[in-house]
Structures are given as C-alpha cells and as structure tokens.
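We just call them A, B and C in the order they show up, numbering each chain from 1.
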Amino acid sequence: MSFRKRNIGLSAGVDRAAVPNVSAQPAPIESTPGIRPSPDDGRPTTSTGTPSLDGLLAGHAGLPMGKILLIEENGTTDFAGALLRYYAAEGVVQEQKIHVVGVPEQWGRSLPGLIGTAESLEEKRSDKRKDERMKIAWRYERLGEFGAGIAGARDAPTSTGIPDAAAKQQNAFCHAFDLTKRLAHPSITNMSFIPLVPSRDSPFTSILKQLQSSIASAGPSTIHRIVIPSLLNPTMYPPSACQPQHVLQFLHSLKALMNAHAARITAMITVPLSLFPRSSGLIRWIELLSDGVIELCPFPHSADALATSGAATTQEEPPQGMLKTHRLPVLHERGGGSDQNIGQDWAFNLSRRRFEIKPFSLPPAEGDKEAQDAPASSGMPKKADLEF
Amino acid sequence: MAPVNLSHRRTHNLLLISKLLSLRDTASPLTLLLDSLEQPASPLIQEYIRRAKLSKVHVTLIAFETLKCPEGCDAFVSTRRKSPADIIKEVSAAYQPSPSTGPSKRRLIIIDAINPLLSSRGSDLSFHLPSFLGAFITPTNPAASKSDASLVVTYHQDVPGIPPQNPYLPSTFSILTYLATSIITLHSFSHILAQKAARDRSLVPPVFGLEEEQDGVLLGRLDKLGGTGATEGIVLELEHRRKSGRGVLEWYLLPPASRYPATQVKEIVTLLDDNILYNPPMESYGDDEEEPQSTFELGLTDRQRRDREGVVLPYFDAQHGDGPGEGGRILYDMGEEDDFDEEEDEI
Amino acid sequence: MPSQPPLPPLLAPYLSSQPESSLTLISSILGATSNWLVLRLLYSALSTSTNQTFGLDEHDGSKKKVVLVSFLRGWEFWKVEAKRLGLDLARLADKKQFAFVDGLSELFSAPQSANAAPTTSSPTGIPPRTSLPLRGPPGPVPGRGPAIAPAISASTSSVARGPATSEPGIAKKLHFSGRGTAALDIMEKDIIAVIEQVKASGDSSEEVLLIIDQPDFLLAATGTSMGIGATEMSEWVTGLQLNVGATVLTLAADSPLIHNASVSGNQGATPVEGEHASFAIGLAHRARSVMQLRTLETGAARDVSGVLRISRGGGISSGADTLDEKELLYYIQRDGGVKVFGRGES
C-alpha cells in the first residue's frame, strides 16, 4: 500500500479502506466533511484550499491533522497571503472553525469567492484543452462531448445560494475560489479574530489563552484552522514579539495545543523573509518547530522577458516564482527524503482562480540566441578557417 | 636550512618540550592548551597525567566537563554549581602535604575546559580571571606548602564566547594567551599533512569540520586511513616564553598513546620537521636521469668523450697571433674512423 | 511490515553500545531529522527479540531501561512510530522498563482547567490506565500477564495525584516556571524522580539510558534574558548525566545556528545563535561520539534520504575505548523501514 500513486481515484469523501495499519485516530473523523484519510497511511488530512499544494505534501494529498505548515516568502509580494486566504476560505466552506491571529476582521471579508469544487474546475480546464487538442482524433470527438457533458452536469453552479449545490460542495474535499470575488458563506461569521493585545509581557500570551479556551470549549467534533498571517511583521506585532523567548515559546505551546487535539486542528503560518532572513537562527528555530516549511521566491515583477520564458508552452501561464520545499509534514518527522517529488524544482503561478504549483523547467532557450551567436562570430574560429 | 642548524634546534627544542610536558623545573607555570573539535586535547592531557605519574607528581583535575575521575588523577574537583572561590578552596584542600612524608610533591593542576567558566553568566562581576588562575599557582599560605604547582588549562577555540560585559576590556581569550607562559595549539596530523600537500601544489589548503560551514557538519575528522596508523598522532604547535623573555616557536609531533608503553621514560615527542610524512627526504637523482629519455642512443662512450675533449677549438689557435689571416683553424687529429677523402676534404 | 530489519546491521554496533557515563550526541538539520535514529536506539535498548537483529550475535537480549525526555514531539508520535518497529512503548512503560517524560504538552503553558484536559487522546473502549501504580509490588509483576488488571486498581489512587500523571504512558510532564537555574532545577528534579522510579523497579542492576530529545530548544526558547545560557544548560545536562548510565542527546546543527556564531567569532551573531553554538559545540567536546545527520550536498536524490557521519567526540577516552569513524548513507522508506549503506553501495 505504500507505493500507491498519489492523487489517483480519490473521490471526495468516499474513500476505500486505506488500511490505517498503525493509525490510532478514532473512527468518527471520516464522516466529518473536509477530512479524508491520507492515501499514504490513512491518517486524517484536510485540504489547504489549493489543490496543487495538497498534492505537494508528501503523498498525503492534504495537510495532515495536527500539523503546522509554515509558508515563507521573499520580497514584498503577497503570494503567501493568497495561499493563506485559500486555506481560510476552504475552512469556511467546510464549516470548520477559523481562528485568525493578529489581523482585523476586514481580512475575513477579503476571502476569495467560491466557484465550485476543485475537481470541477480541473475538469472544465482539461475539457477546454481537450476541445482544442482533440480535433485530430475526430472519431473520438463525440466521446469528448460525452465527457464534457458529464462534467457539465457535475459542475456546481457558481452561486452558493442553491441548497443542493451547497450540499454537494459539502462532500468535496477541496474547492476552487476566485480571488476577484468575495466569499459569501453562512459560516463566514463563524470566524474568530484574535487581536494582538499590547502587554508588558509576551504579546502572545493572550493569543494562546484565547486559542486554548475556544478550542477547549468547542465540541469534540469541531475542526479548527489556525491562521497566522505574517508572523512577526512589525506593522502588526510589537518589537518584543521577535524575542525568542516570546515567539518560540508561543510556537511551542501552539505545537503542544495541536498535539493535544491532534485530530482536530491544523495551522498555517506565513513569515516575511525579507525582514527575517532564513540565515538567522530565530527563523531556523521557527522552521524547526513547524511540520512543513515551504519557501516562495517570486521572480522580479518587471522581468517581462523572464515571464514569457518560463512557460513550457504558450498555453500555460508563465510562472511567477520558484517554490522550495524545505520540510514536509510527517515525511520529515520520520526522517525525510523518500518523497517522489523530492529533487524537483517547483514553480508557482497565481492566477485569478488558482494558485498552481508545477514542476519548473527552463524552456528551450529562446532568448539565448545572442549567446549562441556571439561565440560563433568572435571566439570560435569559423569552420572555413579550420579547414585546410 | 643547514643541517647543523637543524640538529642544534632539534636538541634544544626536544629538551624544551620534554621539560614542559614532564613539568621539570617548573618551566611553565601556566600552560594553555588550545584545542578544537578537530583535535581535542584529551590525548595530550593523558600524556601529561602519564608523565606526572612517572615522576610522582600530584595530579588534580578541575572538571568543568569531565564526569568521572580519569585514571591517574589523585584528586578530582567537580565544579558544578560552585563559585570560583569555592573551587580554589577545594583545590587547595585536595592536597595537604604532611611534613612526615618527607619533601612535598610537585603538583599538576589541570582544568579540562575553561570555556564554561568564562561564559558563565551566573558568576558575579567581581570574578577576576588573572587572580583566579594565580591562586592555584601561588598558594595563599606560603608557609604550609612550598610545593610548586603547574597549571594546565584547556581552552576550546571553536566554542564561541559571550560578548564582554565591559567593551573596553580585552577579551578573555586575549587575557589567557597573555598570561600563559606556554601555549600549545593542537592540530590533527592528517589535517596538517593534507594542508601541506595542498600548499605544495599551490592550492588553497582544505578546511575541516566547523570551518567547512556545511549544514549539519560539526566534525570533519574522519580517519580514512584509520587502522594503518600512518597519520595518527597530534601536532603540537608550541609557543613558549622563556624566563629570559625570549620566545620559542616549534612544531612537534606526539605519537598516539598506543605506540609506546605507559612506563616509557624516553622522550617520544619528535619534531614535526623530522617526520618522514611531513618532510619527505629529498630523493637523490641518479646521473642517468639527467639524460633525456629517447629511443636513440645519445650518450657517448668514454673514448668518444675523450676524443671530443681533445679537439682544439678555433679560438685557441687564433690566440697565437700569427698575423692576420692566420689562426682560427680547427686542429684535428685524424682517427681511423674518419673516412678521409683527399679530393673532397681539404685541410 | 518493515521489509528492512529494524536495526540496520551497519548501525547496530553504534546503537547498542553506550558505555557507562558516556555522552552520545545526535545532530540533525531541518531536512534530515533524527527521530528515526532515536527510535532505532530505543529499539536497540529495549527490544528483547534477538532473531530480528540480523546476525548480531553479541546482542544477547541484555535489556536496558530507557528514560526518554522529548521537548518537541509528543507521546503519541513516539508510541506510533515505535510500534512500526514492533516496539510496544506503552507496555514497556507499564512494566517500568521505559518512561516517557513529556516536555511538549505543558512546558510553557499549564492547562487552564481540568475540563480543558485533552479528551481525544485516550482511545475509547480501553479503560484509562496509569503507568504509576502507587504501591504495587514492582518485582513480581509478570511480563506476559494482563497488565490491565493491576493498573485498574491503581488508577483510582493515581487520579488523586493530579491530572499531570493521569495520562497513560506519560510518566511526567515538565513545566518551566520561574527563571534561571531555579527553573532548570525544578525540571531536573522531575526528571530525576522518574529516573529513580525506573531504577527502583525490576532488576535494579540494569543501567538506565537517558535520551533527551532536543534540549537545545529549551535553551533557544528561554535564552539569556531568562537567565539561562549555554553554561547553565550544560550543567543541567551534567546533573542528569550523574544519575544515569549513558546519555544520548539530540541537537539541531543547522548552519544558521552553528556557523553564524562559531566561524565569524561571534561578531554580529544573535544571542540565540551564539548560545546554541556554544552549547552544541561544547557538548560535542564532551561527547564520546557524535552522529551527524545531514542531507546530500549534491541535492536531493530519490533513493537517499541523507548522510550519517559518525565521529569520535572530544570526550572519548583514547586507549581502551575504540570507535570507528564512518560515513554512511541512509534511506527511509515510505513504510518507515530504514536502509543504511555505504557510499557507492545500495
């Protein structure tokens, strides 16, 4: 069972018995919406709201429960913030309890709007491609229409008001969102925002207290998501927050809290790397305390040439940056290293509807013509010169 | 280097290291051992203890990082949760020479690592390193003990210290090196060889362990030649200040303890320059190697060489000054090998 | 089912021998964690089955007692992962062969109230057991007998001892309170109490192996502003070492934590980096052996998880004690099995 390919035939909600050989997780989890057992070892996972990020997480096809995912971002862009919004929006749609730390409630109003399940979007996309490409195989054209028809029937309408559509979305594991729209969902009011309270002591003490009490008071069936945007960002956090005895103790206590309710909580944290570089000991400790560490390295904005060069074909959107995985949940806790995705270079692309992570490959150098021509004219002797 | 000079140096400096390691004549009251993870000082400390046992010196170990009294130590002073003053008191109490047992013994006091003491924040600000170290060497009660003590202090060079409280004070490391009468820096022999080999080829010398600055690497030492024993041993870089004020700098090689019996009295330390691996003897090239190698026989037989030397060259004849137009001829005695043709060749 | 032997043959000699009062250091980095090695260490010390140790005849089932103090990972993790190796830590904890000291759950934040205590961690259907029978005669408890029966009788009395010890398997939860060496002393006393309990039970001649998982976190999260520096932490370790046979520590050796301070001579290094480097390098000077884990320098590979370098530390007594230095590659399979091999082999 360990060599099963990931992302195969996993329809949402209904999963075959994944044989949790050692998993001690209680059974009722499986009936909870938005949670499914990992195809790798059967532990419960939940979606990050970004299908390609789910696929990156070491074969679990989701973020395992009880784990902290740290997203680091270089530069002043806010791609990590988009990931965080997807994560929060997914939680809202799955009717999980969202705890957002340190930002005002406007943040919750900027969540991206729901446009269906992730699968439906994927199918639509692939159908579009199929339409374009399969003209050659005209014999199968009818078949293609047939498939499209199925997809169309399964496609959830974009409006969230229709109850049966909402019921269908309940069962989906991951949804698709549109960044230009605003999320309207009945459970969006259920988000709780934990403000930073100025205090003489650690600024995190009150945050932790609130998290602890609200998680303890919620029922055992409630699933929680803890969202910490831009940790240590000086526009939000007081200067004393980046003292190691404050921030590291907070993260350790958070880890303890998640360990105590391992089946009910996930957390995602973003950190601005341009303020706190990875070469510093403090950030390394924050990374060591996290279960998954992902670094985003956006390409410079102005590079139009770069933007066009990264795409393998003209149909694909050009990548907007590189993505590095430094640590993956569960995998690295066991020692790491055996993931099939390891050693890949990843690029990411944020469009209106998706945050996509795909293998990065340099295209056949189109802009490299001068470089190829230059040596021919100057350095290298011409073939005619050599012949005698 | 002239061989006479080397043998002179060898005699003097080997005598010096022998005196220092065997604590004779209290040549060095305060010896500082600078070690690193790449070459820890423990083998050298064991050598100190071994020699101390041979010459019946009383050994006290002040343990900042050792758990158990090592073999050969007479007194073991643990420093856990003790103030410097307490340590001094305990050390002086550890050896009380009684007048009945004859002349008092000499003392060797070893501090296995001074770093924890220097970077301890708990210690009060009145802690004064020179007087702390001085208290061991000169006992507070001169009447009771005439015993002359030597202090051997290990300092781990790679353990970062804490920034000084008073920015105008010299760093504790500078104070230590200033106070010490001899400083022994330890190097791993295999590293010294690797670095020398690189220098001989004008390459950048390799670095090991922490200096590699590689993620996850604390120790670089890996005895690839382990077992062969070829490169075992410790290189000691000695810097000694004589009483006269003159300084001595010398590199030695201490072989591993397994190479000699524990009771060996004869000196085992050698000069690094005398080591075959470090300083391979110049190979004497034979005469035949000077000739370019070729499939043709380019050499001359003895007779041919004699004949060549017998040729009188033109300038020789010209010196006689027989007038213009004369001289400058090649004078040559015809041999039987010469195929002389009367018509063609004209003399 | 692990297809690999639980104890890789190449590693077995290093894992099974920790001489009396020796210190073994395991260093890890972000991408190459040490948990698998600690688990193998637990297996080597606690496992009774010799047939699985793959031609290792000298492993004559001489068991040790183990106290594991973990600062970054909870009991659930160790229990589940050890079970993959066929090691039942919960049962061993009942038999007092093993004790787990929890440095994660309540280290900095005590539980708010009794009802805030976790409810999900105890699986339904099994009566709550305790690992601390108060007066049960420790010696004659048969190993193969039902451990539940005596435990239930003891559970009633142990509930009164407070919620900290009521969870099965966890011998003690550490709390950090106060500052400076006083706070460390409290934790030291707690751990020593557990060590004494383990020592007192069963065959008291068996030596105790103490494993402390990432005590460097404690240093990082408190730091000099709370009166704890590298020296104080080292002394804390020394105090624990004096009470057990052998000690194993795991530490982070990531470049930012070590090299920022050690190479640049502490110029411009932050206190976290300086103290960590000082602590880690100082311990390496005391250690008998240092097992360093790191990722491949050449980048990730599909069949290699990382590199394990075993070196002699500064504290090895040259002479009688010998330790071959070695550099090995390891690969952790999806099922948790570990393959260890030399460079160029597979």
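Everything below uses one rule, namely that contacts are C-beta pairs under 8 Å (C-beta built on N, C-alpha and C of every residue); 3 or more make two chains touch, one makes a residue touch a chain.
Here the structure is a predicted model, which is why all the values come from computation and not from measurement.
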Strictly by the touch rule at the top, which chains does chain A share as contacts with chain C? none
Farthest chain from chain C, comparing Cα centres? B
Taking each chain's centre as the mean position of its Cα atoms, how many Å separate chain A from chain C? 33
Distance between the centres, which are taken as Cα means, of chain B and chain A, whole angstrom: 58
Taking each chain's centre as its mean C-alpha position, how far apart are chain B and chain C in Å? 41
Can you list the residues of chain A that touch 2 or more other chains? none
Listing for chain C: what residues touch at least two other chains? 32, 254-255, 269, 295
Touching residues on chain C, where the partner in the complex is chain B: 21, 27-29, 32, 180-181, 224, 227, 229-232, 234-235, 238-239, 241-242, 253-255, 258-259, 261-263, 265-266, 269, 274, 277-278, 280-282, 284-286, 290, 292-295, 297, 309, 311-319, 324-327
Help me check something: in the complex, which residues belonging to chain A touch chain C? 2-3, 22-24, 26, 40, 59, 208-209, 212-213, 216, 220, 243-245, 248-249, 252-253, 255-257, 259-264, 278-285, 287-289, 293, 326-327, 332-338, 340, 342-343
Can you tell me which positions in chain C touch chain A when the two form their complex? 30-33, 35-37, 71-74, 76-77, 79-81, 83-84, 104-109, 112-113, 115-116, 118-121, 123-124, 217, 220-223, 225-226, 252, 254-257, 260, 269-273, 276, 295, 299-302, 304-306, 330-336, 338
Chain C partner contacts - residues on chain B that touch it in the complex: 35, 37, 40-43, 46, 65-68, 70, 80-81, 113, 115-116, 119-122, 156, 158-163, 210-211, 213-219, 221-223, 226, 256-258
